[in-house]
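Here come two complexes built around chain A, the first alongside chain B, the second alongside chain C.
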Partner chain A sequence: MIYRIVVLIIKELIQFFRDKGLLLFVIYLFTGDMYIAANGIDLTLKNAKFYVIDEDNSFLSRELISKFQKPTFEFSGYLSSVSMAEKYLFEDKCVGIIVIPEDFSKNIKNKTQTQIGIIVNGTETSTSYLFSGYVSVIISKFSIENSFNIETKNLPIVNLRQRILYNNNMDSHIFMTITELFSVITLLILILPASAIIKEKENGNIEMLLVSPVNISEFMVAKVIAMNIIIILGVITTTIIIIKGVLKVPFNGSFILFILLTAIYVFTSSGISMFIASVASNMLQVSQITIMLLLPILYLSGSWAPIESMPYIFQKLTYLSPLKYYLEGSFTIILKGLGLSYVYKHFLGTFILGIPVFLAGVYFLKKKI
Partner chain B sequence: MLRLKKIKAIYKKEFKELKRDKISRIMVFMMPIMIMIVFGYGMALDVEKIPFVILDEDNSVLSRELAYKFIENTRYYRLIGAVSSQKEGLKLIDKGKIRMMIVIPYGFEKRLKSNKPVNVQIFEDGIFPYRASVSVSYSNIIANNFNIDLLSANGNKNQGIDIRTRYWFNEDIRQKNVTASGVLLIALFIGPAIFSSLLIVKEKEYGSIYNIYTSSINKAEFIIAKQLFAMSIFFVNFFILFAMTILLFNVPFKGSFILFLLAAIIYLLVSTSLGILISTFVMTQVTAVVGTAIICIIPSILYSGYITPVSSMTNEAYFIAHIFPNYYFFNLIKMSYLKGLSLISYIKNIAILLVFYLIFISVAIYRFRKYE
Partner chain C sequence: MNIIEINNIVKKYKKRVALNNVSLEIKEKTLTCIVGPDGAGKSTLLKIMAGVLKFDSGKMKIFNYEMKKLSYFEELKDKIAFMPQGLGLNLYQRLSIEENVDFFAELHEVDPKIRNERKYELLNATGLYKFKDRQVNKLSGGMKQKLGICCSLVHSPKVIILDEPTTGVDPISRRELYRLIHKFISEEGVTAIVSTSYMDEAERGDSVYIMHEGKIIYDDISSIDEDEVYYEYNKPDFIEFYNNLDENNHKFVILGRNFVKFAPKKPYPEDFKKFKFGIEENALKTIGTRKLNLQIKPAKSIGDKILELKNVTKKFGNFFAVKNVSFDVNKGEIIGLLGPNGAGKTTLMKILLGLYTPSSGSYNFFIGDNLLKEKIGYMSQKFSLYSDLTVKENLVLNGTLRKIKGSTLKNKIEELYYLGNLENYKAEIVEKLPLGIKQRLALMCAVIHEPMLVFLDEPTSGVDISERDVFWQIIRYFSNNKNTTFIVSTHFMTEADFCDKICLMNNGEIAEFDSPEALREKFRAKFGTPYSTQTKTPYSLEEKIKNMGFKTDIFGTKVKVYTKDISLLDTLNLNFKEEIITIDDIFVGATEDATT
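== the complex of A and B ==
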C-alpha cells in the first residue's frame, strides 16, 4: 500500500512539472510576487506629498514647513490660491495641503491664537488619516517650542520615547512579505489539490481508477501529499532565498519550527480543497468556490486589518479562519523569535481546527466519488 | 467581416451551458457580492481599541493624570490593566495579549515640578507596522495635549495654534466611502478576467476547440462572442455592486450615472479582453485561474491607489501604477462617487482605458490560432 501511494505521489509530481505554464506561475508566486508585494506597498506614511499655501511668507512659516521632513513627508511646492489647491487635490497630486494665514508669525510673537488649516484628500483611505495625525503632532510641537521663550530642552514637559518591538523601524516590507507568502500558500493549497482531482473527473479517469486495484482513499491521499510537498518546497526556498536572502527580513526564530507549523497548516487545509473538489464538477466552479472561501479566510486571519478594529461579530468569526493561528504562530516564531512554549497554542489551534476540516473533506469527497 | 449570426450562435451556446451548470449560474453572481461584503466591511483601516497596559512607577497625581488621558480615549485605546514590572508587560506583548505598554518612570512628578523635562517610555508591538504607526501618532497627540495643559497650568500663558483640519471629498472621513466604492475596481477586474479566460481555455482542455478550428467561424467572431457573453454576466453584476455601494454602504454618488455606466462598460471590455489575452498563452484551466488571479490581483489592489496613494509611491512603483488600467478606472470611480465630475478628466481617463482595450483585444485576436 505504501508502495502504491509513493508511486502515485511520483506520478502526481511528474504531472505537475509537465504543465509548464502552471509551474511558471507557481515559481513566480514564490519569488517575483513576494518581491513586488514587499516593495510595492507601504501602509505607514511615506513620502506623503503636500503643498503649502503660505500667505504669511515669513521666517517662522518657512521654519514650520522645514519641520516636515522625508521620508514621512515630501514638500512639493507652494501654491498661490485655494482654487489651485482644489485642482491639485482633484487630480490626486498630493495627500494634503497646509494653509498658513497672513498674520501667522505676528500672532505667534504676540502670543495670540493663530490658525493653521490642513486640507486633506479624503479619498486616500489610510493615508489621509495618518497625514492629519502626523501634521497635527508636528504643528503642536512647533507651537510649544515657539510660544515659550525657553528652550524646549528645559521645559517641564513629557517627552514620549517610543520603542517599536520586533520591528524597530516600523518597516512594512517585513509584514507585507510574510503575509503575502501566507496568502500565496493559502491560494495554492485551496486550488491545487482540487484542480488535480477535478482534472481526473473531467478526463474521466476516475472510472478507470474504480476498476483498478488502487483504492480511492490512497489515490486522494497521494494527490494531497504531492501538492503539499510542492507547496512546502516552495515555502522553504522562498524563505531561504527571497525572505532571508534578497529582502533581508530578520528571521529570529527556529526555521524548523516554522516549517513544521507550515506543514501542519498546509496538510490540514487541504481538507478545504477536497471539499471544493467534492462540490465542484468543473474548473469554473473550482475557481469560484476557491475565491469565495479564500477571501474570508484571508480577511479573518487579520492579515489585512488588525483584528481588534474589526466589527464585533467578525472578531469572533476570526477563530474560524485556520490562517489566523498559522499567521500569529509564524509571526511569533519569525519576528519575535520565541520558542515552542509560546507558540504551542497556535500549533494546537491549527491542529484542532484543521483535523475536522481535513476529515470532513475526505468524507465529502469519498461520498461524491 | 464579423457575421452576427455566428456570434449569436456561440453566445447562445455559452448561455445554455451556464444555465445547465447549477453551481456556476449562482456563483457568478454570488462571488462579486461576497467580495463586496468582505472588502466593504473588512477593509476597515481605522485603527481603534488598541489594547494596552500601564506601568506607573511614580504613582503620583500627575502620573495618574497622564494615564487617565490615555484611558479616557476609549475610541482609540482600551485599557487592559496595570502591570507591576516591565517584564510582565513585555511578556503580555510577546503573547499578543496587548499591543502597547506605557511606562511612567519613578520621579515623574518631582521632575516636572522642579521644571525639568521627563521621558515616558512607550513600547509598541511592531508586528503590524500600520497599526503601530497609527498608535504612535495617537499617543503623540495625547502627550502634546497633556503638555499644553501642563504649561498653561504653570502660568505660561499661551494660546497656541488652532489646527483646522478639513477632509475634502469625504468630509466625515468615512473610510467605507472609499473602500466600498473601490470594490468595483477589484470585482469588475478579477472576476471577468478569470471568467473570460476560462471560457476559452476550457474548450482547449476538453478538446472541443477542434470543432471551432474546423468550423467556418473566424477567430475574431469567436473571441468577440465569448467576450460579449462574459460582458453581459458582469454587466448584471455591475448593477448589483452599484446598488450595494449606495444602499448598503451609503456611499454618496455625485457624478452622472450614465457616464459612470459607460466607464464601467469600457472597464469590463478591458478586463475581459485581458482574460482572453491570457487564455492564448495557457493550455490548462488551473493555469488560467492561477495565472489570471496573479496578473490581476496585484495591480488592482496594490498599485491602483486603493490602499496607498499613487502620488506617494516611489519611482518604480509609480511607473507600474501607470501601466495598468486599474489606476485610471479608480480615478473614474472616485470622480463619480466622491469628487464630482470633471469632463476633461473623465474623457482623458476613458480614452486611456480604450487604448488598453484596443491593445489587449488586438493582441488576443492576433495570438489566437485557428490551428495547432
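== the complex of A and C ==
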C-alpha cells in the first residue's frame, strides 16, 4: 500500500511540474502576488486630496490650510461654493472638502466659539474616516494654539507616550505580506487537491485506477500529500527568498515551528478541498465553490478586519475558520518570536478543528466516487 | 451547375495544417458526403464553406461568386444553413421544439404566415409535430438532429451543411435522417453537404469525398480505376495465409473475421475470389495498412463460461440505462457490444467493472480466486491515460500500481512496446501523439498484468480505418495466442464482424445476441435478402417501392430493397443486384421489430 501511494505521489508531482499553466499560477502567487500585497496595499492615509471653501480668506485661514502637508494630505485648490464641492465629490476628485466660515479669524482672536465644516466622501469609508480624524486633530490643535497664543505641548494636559511592540514602525506592509501569504496558502489548499481530483474525474483516469488494485483511500491520500508537498515547498521558498529576502520582513521566531504549524494547517484543511471535489463535477465548479468557501474563511479568520469589531454572531463563527488559529499562531511565531510553550494553543486549535474537517472531506469524497 | 467550387484551399492552425490543397465541386440538388476520421479536416472544410472560418490561400466560389472575404457571406446567409457538430449543440436546450423553430425563423426574419406553414411542414416531415411542446433536453439524439435540420431549413435555404449529423445516433434514426435529406433534395431542390466518420455511410452520398490528414484522398470523379481489384481468401487456414503475406507487395492487407482481404501490387496468378475496388478499398489503397509482425495462432479455443449476467438492470431515477440484460461469456470469446450513444453499453461495462452497482439482477465471474481486479483489464471510453506523462511513464505507472516490479516489469514493457508497435514513441509525451497510437497505448496499459478478461469501451472511435485494422490485429493476437476474453463496445457496425458474438443494444435492452452468421441467417429468414438498383431519382423510386409494401433504404443513387422474392418487383422492370446483409441492416431489423 505504501509502495503504491509513493508511486502515485511521484506521478502527481511529475504531472504538476509539467502543467505549465498551473505551475506559473502557483509561482506567481508565491512571488508577484506577495510583492504587490506588500507594496501596493497600504492602510495608512497618503496623498489625500482635498479642496477648501475659504469664505474668511484671511491670514489665519491660509495658515490653517498650510498645516495640511504632504505626504498625508494634498491640497488641490479653492472652491467658490458648496454646490461646486458636491460636484467635485461626485466626480471623485477628492477625499474631502474643508469649509471655513467668514468670521473664522475674528472668532479665533475673540476666543469665541467658531465652526469649521468637513465634507467627506462616504463611499470610501476607511479613507474618509482617517481623513476626518486627522483633520479634526489638526484643527483643534491649531485653534487652541492661535486663540491663546501658546504651544499645546506646554499645556498641562495628558502626555501620551506610545510604545509599539513587534513592529516598531507600525509598518502595514509586514502585516499585509504575512496575511497575503496565508490567503495564498488557503487558496491553494482549497483549489489544488480538488482540481487534481476533478481533472482525473473529467479525463476518466479515476475509473482506470478504481478498476486496478488501487483503492480510493490510497488515491486520495496520494493526491493530498503530493499537493501538500507542493504548497509547503512553496511556503518555504517564498518565506526565505521573498518575505525575508526581497521584502525584508523581520522573522523573529523559529522557522521550523512555523513550517510545522503550516504543515498541520495544510494537511487538515485539505479536507475542505476533498469536500469541494466531492460536490463539483467539473473544473469551473471547483473554482466557483473555492471562491465561495475561501471568502468566509478569510473574513472569519480576522485577516481582513479585526474580530473584535465584528457583530456578536460573527465573532462566535470565527472559531469555525481554521485559518484563525493558524493566523494567530503564525503571527505569534513570526513577529513575536515566541516558542512552542506560547503557541501550543494555536497548534491544538488548528489540529482539533482540522481533524474533523479532514475526516468529513474523506467521507464525502469516498461516498461520491 | 456547381453550387460550390473550391480550388486548392489551404488552412493552417498555427503550425498544424488542417487543410492541405483541398479542391472539390458540389453540384446543385445533390447530397455530398465528406468522410474521414477525427482530425481529418472535415469540420474545417465545412466551416469554410459555411462562411464561419477564413482560409489562408486558395479560391472558393459559391453560386458562381468568388468569396474573397468573410464579409461577402453576409449576403448569402439566407441561402446557406449550417448545423455544427454535436448532438443538438445549436439548439436551445430549455426551449420546446416549436419555440426553437420559431426562434430560428425569427433570426432570419421569416414572415409569420409563411413561418407557420413552413414549421408545420417541417415538423410533420420529421415526425416531430406530436412532440412540439417537449423541451429539447428531453429529446433523444436522433430527434435532436432532426430538429436541428428543421431549424436549419426553416428559412428555405439553398444549401444545407451538416457536420456529423449521424454521430451517436441510432441506425434507424440515421436512415431516417438520410431519407429526410433526400426528400428535401428532390422536393425543394436543396443542395446538401454532410460529413461523417462512418465509412459505410459514404455510399449514401451522390458524390463522396474521403479525407485523410487534411487532404482529399478519394473522390468519385477522379479516383475510380476500373481495373483495380482485390481478393478475398476465406479457406480455414486464412490466418496462416495472413501471417505469411508480405505487406510490401500489397496495396493493402486486411484481416477479417474469417477471411483475408488483400490487394496485390501485381495481379495474382492463383484463383481467388476477385472484387472490384469500392470506396473503402480506394481509401485503404491511399492510406495504406500496416501488418504487425505478430504471428497470430491459426485457431483459438473457446473455453468454459467466464462471466454470466442475469437480468442486470440499472436505473438512474426513472430512466432505465440498462434493462434486464442477460448473457453468458465463454473464455476466449470476443463479444461486441453494439449500439448508438445512450444505448447502455458504457453503463453495462461499468456495472461489470464494479464502478456502478446494479439496481437489480446479478452477475458472476468464474475466474477462480477472489482477486478479481488482478484478472480484469479496462480501457475506458475516449483516451483515459495520463496525457501529461510519457508513453513509458504511463506503462511503468500501470505496472507498478499492479505490483509488477524490477526486471519483470522491464521485460513486460519491452514486450508491450513490440506488440503495440510503440518502440518509436517511448519518451514522447502522450498528449502530442496521434489518436490511434494513444489508443494502442491504452490497450497495452489495460493488458500489462495479463488479465483473463479485458473490457474495451469504444476503443476505435475517431480512428481511421487503417489504424483500426492495426488495433484489431492486436486484439486478435491476444485472443488467439493468449486466450484472452474481450468485451468490446463500438458504434462502428462494421467492426462487429470481428467479434465471435454480437450483443446489439438499444435503449438499455438487448435487441439481439448471437454470432454474426446466425444473425444474418435470422435476418434473411425474416426480411429476406437486400437487393439494390441504380436510379437517377432515388427518393421518388424509394417512395414507390415502399408504397408497394417493401422495406427500403436509399444509398445515394442506389435504392435498396429487402425481399424474400425479388420476382415480386419484376413489374418495375429494373435491374436488381444482390447485396450482402450488413450489421446495420440487422440492427435496424431488430430494433424496428421491437418498436412496432
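Note that in this section the second predicted complex is superposed on the first by the 364 of 369 C-alpha atoms of A that agree within 3 Å, B and C clash if a C-alpha of one lies under 4 Å from a C-alpha of the other, contacts with A are read in each partner's own complex, and residues count from 1 in each chain.
Just so it is clear, a contact is a pair of C-beta atoms (placed from the backbone, for glycine too) under 8 Å apart; a residue touches a chain by one contact, two chains touch by 3 or more.
Just so it is clear, the model here is predicted, and its values are computed rather than measured.
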{"item": "Partner chain(s) touched by A:19 [first = chain B, second = chain C, both, neither]", "value": "both"}
{"item": "Touching partner for A:351 - first (chain B), second (chain C), both, neither", "value": "neither"}
{"item": "Touching partner for A:214 - first (chain B), second (chain C), both, neither", "value": "second"}
{"item": "Partner chain(s) touched by A:7 [first = chain B, second = chain C, both, neither]", "value": "second"}
{"item": "Touched partner set for A:364, first chain B, second chain C, both or neither", "value": "neither"}
{"item": "Touched partner set for A:94, first chain B, second chain C, both or neither", "value": "first"}
{"item": "Which superposed partner A:204 touches (first chain B, second chain C, both, neither)", "value": "second"}
{"item": "First (chain B), second (chain C), both or neither touched by A:75", "value": "neither"}
{"item": "First (chain B), second (chain C), both or neither touched by A:255", "value": "neither"}
{"item": "Superposed model, chain A: greater residue contact from chain B or chain C", "value": "B"}
{"item": "Common interface residues of chain A - those touching chain B in one complex and chain C in the other", "value": "19"}
{"item": "Chain A - residues contacting chain B, complex", "value": "19, 21-22, 25-26, 28-29, 33, 36-37, 39-49, 74, 86, 89-95, 108, 111-130, 132-137, 139-144, 147-148, 152-168, 170-172, 174-175, 187-188, 191-192, 195-196, 199, 202, 279-292, 295-296, 299, 304-306, 308-311, 314, 328, 331-332, 335-336, 338, 342"}
{"item": "Partner chain A, residues of chain C touching it in the complex", "value": "350, 353-355, 373-374, 376-378, 380-382, 384-389, 393, 397-398, 400-403, 429, 445"}
{"item": "Chain C partner contacts - residues on chain A that touch it in the complex", "value": "3-4, 7-8, 11, 14-15, 18-19, 203-205, 207-214"}
